[in-house]
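Quick one: structure below, then a few questions.
By letter and in written order, the chains are A, B, C and D; residue numbering begins at 1 in each of them.
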């Protein structure tokens, strides 16, 4: 079972509302169980470079079934996953990618948000995730 | 002046309604004036391979300011633009990419649709475009 | 001996004048003896997709020391260089790429033009080349 | 509104004069509002490897609407944007990429300079930017 487009759109809309609240224009990407893109939205005037980053954050989270920032803790110089970002056509390993689970705890996809500080990106992705009711 | 996210979402929604009408699950991508992605929607059960194709169709239309299928007429063996598809990281030169203009005739972006036959893809992209009122 | 920036700019300027004369906005790229970019100019409102094509035409011409359209004659289905466009990160094998020689007949670079029909592209590239006096 | 070719050429020329003054051969790239290349100039004997770097610096600045060196401060090991350089087909996050604004403060493109030390690259890019009067 995977996230549906209707669920992704609802999630993305919640993210947009949260982004508007904190005053940052965000790029919001959602991938399914297979790490394939389901939806993408770039808010007006959001950074162009964050299109790719939002998508890569969502994919990174689903690739390893953990929030993107967790990978970054392990990929530092001297760390066990040093430079893992070279794999899979490029990972983004800082916060803003969040795993999406259904009520049974099964992973059904991931959301990636980019456009502000990493704290803001993670805040928006998490707010969307917490509002969901899959 | 470029397409806004609100305009892109409305356009994408019209495309989804048309796709549902003809019974085909589509991938729908919209790029702005600078050929950068604004929105993407994959309808449930739409082909995974069409994610990239829908995005490339939209980009191809904006790259050359003509519908993607026009490029394909010129890129056949023996044609003047043979194998132009090797440029720009990969073009898609069959129908389904349609240029978007505002009421002054200025190009503000493009839409790319993929998931059915090329006739269906073009039909859905055109229906969305014709319904628009930029 | 390779083309200098001053020579490239003069050449590019001649190309722009010719393009303006025939009423087409062109992308104009010039590479040196080593097939490395020396100069690039995109005229206002020229096709975005032709940035990459102009650069690839210039490189293709210098890669094989013949005008880009000559490659296209050989790369057709059944031809001796079928699908050679897959090499070198993507070739463009239709007209618009022209080899540049000095007065001794030595190749010193190439020019690539894209933005109109292939005939127009070749016309502009040739006009620049013929005006040169290296 | 985006930078025009005439504006880009004037800017690039100012950069060349500054580069000549400080005795370094530079590569100078200018992108428009959509992060698409408008002009490129490689001064004679400038580093070949800096062709791509100058272009990537200009794109990086426009992708995130800040000078390229600002990204590099955040992308160090342990920093919030560690390894962001893996996105967008490769970023360059050290100085030399500078955002270009018009008199209303609107971003209309970016300039990227590469060929000397990062201080020299930034100096040349900034000198061009400061001389502009968009």
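Please note the rule applied: contacts are C-beta pairs under 8 Å (C-beta built on N, C-alpha and C of every residue); 3 or more make two chains touch, one makes a residue touch a chain.
In this text the structure is predicted, and so the values were computed from the model without any measurement.
If you tally the C-beta contacts, which comes out ahead, B-C or C-D?
B-C
Counting in whole Å, what is the centre-to-centre distance of chain B and chain C, each centre being its mean C-alpha position?
Here the centre of chain C sits 29 Å away from the centre of chain B.
What is the distance in Å between the mean C-alpha positions of chain B and chain D?
Spacing between the chain centres: roughly 32 Å.
Taking each chain's centre as the mean position of its Cα atoms, how many Å separate chain C from chain D?
Whole-Å distance between the two chain centres: 25.
If you look at chain D, which of its residues touch at least two other chains?
Counting only residues that touch two or more other chains, chain D contributes 34-36.
Classify the chain contact graph as line, ring, star, complete or other.
It is other, because the touches fit no line, ring, star or complete pattern.
What chain-chain pairs meet the touch criterion?
A-B, A-D, B-C, B-D, C-D
Can you list the chain D residues touching chain B in their complex?
32-36
Can you list the residues on chain D that touch chain A in the complex?
On the chain D side, the touching residues are 34-35, 59-60, 62-65, 77-78, 80-84, 86-89, 91.
Using the touch definition from the top, list the residues of chain A that touch chain D in their complex.
Contact set of chain A toward chain D: 47-50, 52-53, 56, 72, 75-77, 83, 85-86, 90-95, 117-118.
Along chain B, where are the residues that touch chain A in the complex?
For chain B paired with chain A, touching residues are 4-5, 9, 34, 36-44, 48, 51.
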